[in-house]
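Please go over the structures that come below.
Common to both upcoming complexes is chain A, partnered first by chain B, then by chain C.
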Partner chain A sequence: MTEILPESRIIIHLSVMASIWLTSLVVLPVALLTAITFLRKKKTQQKGQPDWSIPTLDNHADRNSFFHNWNPAAKVASLLLYCFLIVSLKTFACSVTALVISLFAVYFSKLPWLPSLQRLAAMSGFLIMFLLVIPFSSREQPGETLLIFPLLSRFPFHLNGFFLALTIVIKACAIALLMEPMLGTSSLSATLQGFTRIGVPVPIIQMILLTHRYIFVFHQEMVRMQRSMKVRGYTARTDVLTMKTMGNFFGMLFISSYDRTQKVYEAMLCRGYKGIFPTFHTREISGKDLAKGGIWIMIGLVLLLIERLPSAP
Partner chain B sequence: MHISDGVLPTTISLAAYAATALGIGLSLKILRQEDLPKIAVVTSSFFVASLIHLPLGPTSVHLLLPGIVGALLGPAAFLSITIGLFLQSILFQFGGLTALGANAMMMGLPALFCGFLFRAIRGTTLLTNTVAGAVAGGLGTLLAATILAGFLYTSGENFFGVAKLALVAHIPVIIIEAAVSAFIISFIFRVKPEMLHSAPRQQHGITGHPSDHCHD
Partner chain C sequence: MHLSSSDYHLNGPAVADLLFAIEGLSFVYPDGNQALTDIALSISKGDRIALVGKNGSGKSTLVKHLNGLLPLQSGSLRYREKKTGPSIQSVLRQEIGILFQDPENHLFCNTIFENVAFGPMNQGRSRDEVEELVRGCLETVGLSHLMYKPAHLLSYGQKKRAALASILVMKPEVLILDEPTANLDPKQERILKELLAGFPGTLIIIDHDLLFLYDICERAVVLADGRIHHDYSIRELVSSQNSLKEHGLDFTFRFACCGGQHKPAPTSPHQHYHFSHDHGKNGAHAPAVPEAPILELQHFNYQYPDGTIGISDINLIVYPGETLAVVGENGAGKSTLAACLLGLNHGEGYFFSKGKKMDCRLHRALWRQVGMVFQNTADQLFCPSCWEEVAFGPQQMKLPAIEIKERVAEALHSVQLTGYEHRIPLHLSGGERKRLAIAAALSMHPEILLLDEPTASLDPKSQELLLKILEKLDMTKIIITHDMFFIRNLSKRTIVMHQGRIIRDYPTPAFLADKHIQASNGLDYTYKNTCLEEIMDLQRNHTAAAG
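So, the complex of A and B:
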């Protein structure tokens, strides 16, 4: 049933069936994505153990593709700039174009799809909140379409708000999909070295490398501690005992890392550490690398211009 | 909760980036060069701790830890948190590279504040330390949630609903974070109290006994 009010808003009252259809249109893709990710993950993990494994970024850095053959510094610099251009998009159509471009990027990077899907799943909680809240809480605009769901007549569903939220989600997905081609196609140290070329201080990059290395060490330590807790009959619940146990657990984890810092540092000094890790794979940026970067920045600029320039009458 | 790519207007994410760069620059100036590797190693343990989920009724939450990082690292907390967030966004896509500045402000500023507060109020007994730990832990999360809501508020009127929801959703996390932080500080106070005094450096100065632990 449609009624047109004097303020020229369009209000559509939905039947129960129609609202179920509309809701499932939004929920289904997200649910499917989450299901796929979890199912794929389940295969690789032990029964009954929550999966806290840490993905390794550069497992497939030795392949051969558009992204693999690109100098990491040029790649990181131009794709980051491209990401910022994508963030600045405001229209639905341009964001969808960016998403399609990112999908092609993943395809041409010859990387497996699972890590990219996992990235999308990692954001889903935050983004679903946008999809669910913004349409019901956004500001009223003249001439917009409101959908009234049964039982929710006090909270009209703003179609404008919905498209705003959807645009945000699509932009986020477009950028997240670019991350694997950007970060997974060179070895991590080469990628991080690329960040130094765009102005990130060298000590920071060194710290990131070291932190990344020790994440895996402490992760193993954590798994070992959890195993021994489990053997002693510990199960996590929503109670004070769980919080106390976890407090002690975290305390122990921090203390063991603190104890380790000095040993690690001295071991580094023994091996000739002078405040910098030597790097051996420096590759000069060639004209081809710059051209690739230019293409990406051009694509971003074109998308932005299409949207910002007033359309021809 | 991390801010994803594409949510904040570009001007705000760039401004947050600039502020974060300033914070990192200041941190590098204040901290001693030889402490940086140590801060990096401790950061890994915070990173790992933030992966653990605690059950909360039918769902589960993970700790945000800004208060505890602040209490344990003091002035180094901002640097540590920014590095942790960078790794979280490149490894897991928690947050995102374009929103890294905003996320670093959201977690780093509360950590710095709670670090100073913790040192000011912790006193000398187990009880006062535990209470200070709870305050730092709870307040750290509360401030982080407030900054998150603030970022969403500045992004436009359409985001008010999300900002409110984000604040409300953090209330149970604040309580759990305060409780667990109290237990963490109480444990560390009993087991290794010198860790609460300062960043890793002043306890084992590198000029001390380099031959003591050369077996790792």
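So, the complex of A and C:
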């Protein structure tokens, strides 16, 4: 049933519509997760345990593509600027165009799709919350369509709010997809060096480098400790013993990490560390690199201009 | 004999050759622990020193002074006649390389190439020079094919060699190694030994493995309670059993009951289906008793989630009460097999427990049947007191409080740790921690005890005690080890693994006599046996001379 109120709002009491929206909200992430599971199974050909290992960011940095042959500093600078331009988009159509461009970027970077999809899956919980919360909480606007769910008449579903949330989600996906071509097509140290050349403080870069290296060691230590607990019959429950065990577990991880920090620092000092990580890979920015950067910024600007230009009468 | 000053160079080294001159060096840690007291030591160019002593005797503290990692509190330390201090700190760090025990600490950059290039880049060398040095060094340690791999994808032995390359590439004058052989298989140990043999500079090695040190070092400095107790040739150290005993370094217990099995077996190797029988009085075999196996794997495979094959087509029978040794090079699949037997890895194939085919329910209950002592006790011990550590398993089994108390007391007693109930596991020595880990497994009354490299990083005294404890344990034991002595003394049956498969399953004497399998699988223990025989001769001569 549709009614037009004096404030020129359209209220639709459509339980079927509500079901469609809800179903689409549920189906989308489920489809995404199914695709990831399928790709993972195909990759590992393993019937047993899932692969919970931490993926290496620059595993495919030795390939050859438009992004691989791009100077990391120029690549990071221009793609970051492009990302800011994408964030500034407001219309649904331009955001979808940006998403399509990002999909093409992943395709042309010759990187596997799995890490990109995993990245999206990791964000999905947060993004779904946007889709669920914003439509119910956005401000009423004249002329907008409200959907009234059965039993939820106090909380109308704002269609404008929904499209706003969808635009945000699509922009987030477009940017997340670009992360793989930006960060996964050069070695991590080269990429981080690129960041230092655009002004990111060196200590932050060094911390990222060390974190990236030792997150694998930390993960392995954690897995080994969990296994040793498991062989002594540990199962997580909702009791005091479990809480105490978890406290001991995290405490021991903290102690071993602190201990390792000291030892790594000593090992660095022994090899002449004086506060700066020496960089071996340096590559000068060529005209071609600048041209590539210019293309990306132009694309971003064009998208922005299209939506900002006054529409035809 | 206690010495407070160096007597190795009694005639005094030539001044031009003198690298370190240490006088009256003492050091106290902020917590009040007196780590070094009145150390006097001189180290000359080309010296090959074994720095030995019990855990906590001050070895690591001493070497950290040598390259300026720890500040000088009292006494004097001169390097090439110059007082150490901030002014020559950079010289010290460029000329003195330290390889710490855990290679992970050395590999802090993203790829192996970057790790090895870190030192020479800090030395201010040109890029071309660094590249040439790095490639050459990685070639020397046999890792040039892994140059651009991240460190976490390397095996332990490869990490150790990569860490060594990152030190050697700086062309140090002095090379200091802390427990270089810990957790290495004989093949990796031999590679390391060859690399060290070719090192032209001064060498200082901290290790408990006197057989390894005997072959490389010429001089032995023995530390005890932060003081230098002996400073003489390594031949003198190993030939004096009293001196070895005094410092917990007596490894001659390894000679005591080997029955001459380091020599080829007098009879030809033979094989039986059942190994738990004894020899009859006339030397003939008693009839084998068919017994239901406690565990059995048939055509069992396990593949890691990343596609790496862990174990392949494993056929294994474990009988109640037997002690089984599992040997193989690093990466042969020994630990993966252990994880499968524990139910941690779910593979494909047939898995029987006491004749019953393993299903989900039995898999979940495997932890009650199999106790595990991991290679690195740091992975196993996480409770704030020894009592809680040992009680953890029984608590998970939901046993009554009285029974938990009884089991903890019994388990601690069986590993000779009674009275340690309130001690903090983190503060125990390596040997004590290992025994505590065994107690933690024993308190659950498992039918099978699985031990992964039980002797790794233990001093000889702790090894001897561990051997006695394991001999007394009346249960099925599966021991993953590279230690031939433990294999010989504890197991009647040995299985050899290679590339994820069991390639031999035979009686231990047959394995000990099988030089071919040892050599072809990187399990070459012959050089250690040669050292053993040489040392035995030295000790006999020393005893005869003293008598």
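Quick notes on this one:
What we mean here is this: the second predicted complex is superposed on the first by the 279 of 313 C-alpha atoms of A that agree within 3 Å, B and C clash if a C-alpha of one lies under 4 Å from a C-alpha of the other, contacts with A are read in each partner's own complex, and residues count from 1 in each chain.
Quick note on the criterion: contacts are C-beta pairs under 8 Å (C-beta built on N, C-alpha and C of every residue); 3 or more make two chains touch, one makes a residue touch a chain.
Values in this document were obtained by computation on a predicted structure and should not be read as measured data.
Of the two partner chains, chain C is the only one touched by A:224; chain B is not.
Of the two partner chains, both chain B and chain C are touched by A:263. By the touch criterion defined above, A:64 reaches neither chain B nor chain C. Judged by the touch definition given at the top, the superposed model places A:129 against chain B, while chain C stays out of reach. Judged by the touch definition given at the top, the superposed model places A:189 against chain C, while chain B stays out of reach.
Of the two partner chains placed around the shared chain by superposition, chain B is the only one that A:208 touches, whereas chain C remains out of contact. Of the two partner chains, chain B is the only one touched by A:172; chain C is not.
Partner contacting the larger number of chain A residues, of chain B and chain C: B. Judged by the touch definition given at the top, the superposed model places A:252 against both chain B and chain C.
Common to the chain B-facing and chain C-facing surfaces of chain A are residues 50, 52, 210, 212-214, 217, 221, 248, 251-252, 255-256, 260, 263-264, 266-270, 273. Against chain C, in their complex, chain A makes its touches with residues 43-53, 56, 58, 62, 187-189, 209-210, 212-214, 216-217, 220-221, 224-225, 227-235, 241, 245, 248-249, 251-252, 255-256, 260, 263-264, 266-274, 277-280. Interface of chain B with chain A (complex): residues 1-8, 10, 13-14, 24-25, 28, 33-34, 36-49, 51-57, 63, 68, 72, 79, 83-84, 86-87, 90-94, 96-98, 157-162, 165-166, 176, 179-188, 191-192, 195, 200, 204, 206, 210, 213-216.
The touching residues of chain A, when paired with chain B in their complex, are 50, 52, 54-55, 57, 80, 83-84, 86-88, 118-120, 122-123, 125-127, 129-130, 133-134, 136-139, 161, 164, 168-172, 174-176, 179, 183, 201, 203-204, 206-208, 210-215, 217-219, 221-222, 236-238, 240, 242-244, 246-248, 250-258, 260-270, 273, 275. Of all residues in chain C, only 64, 67, 69, 90, 93-94, 96-98, 100, 102, 104-111, 113-114, 117-119, 121-123, 127, 130, 148, 150-152, 166-167, 170, 302-307, 339, 342, 344-348, 367-368, 370-372, 374, 376, 378-384, 388, 392-393, 395-397, 426, 440-441, 444 touch chain A in the complex they form.
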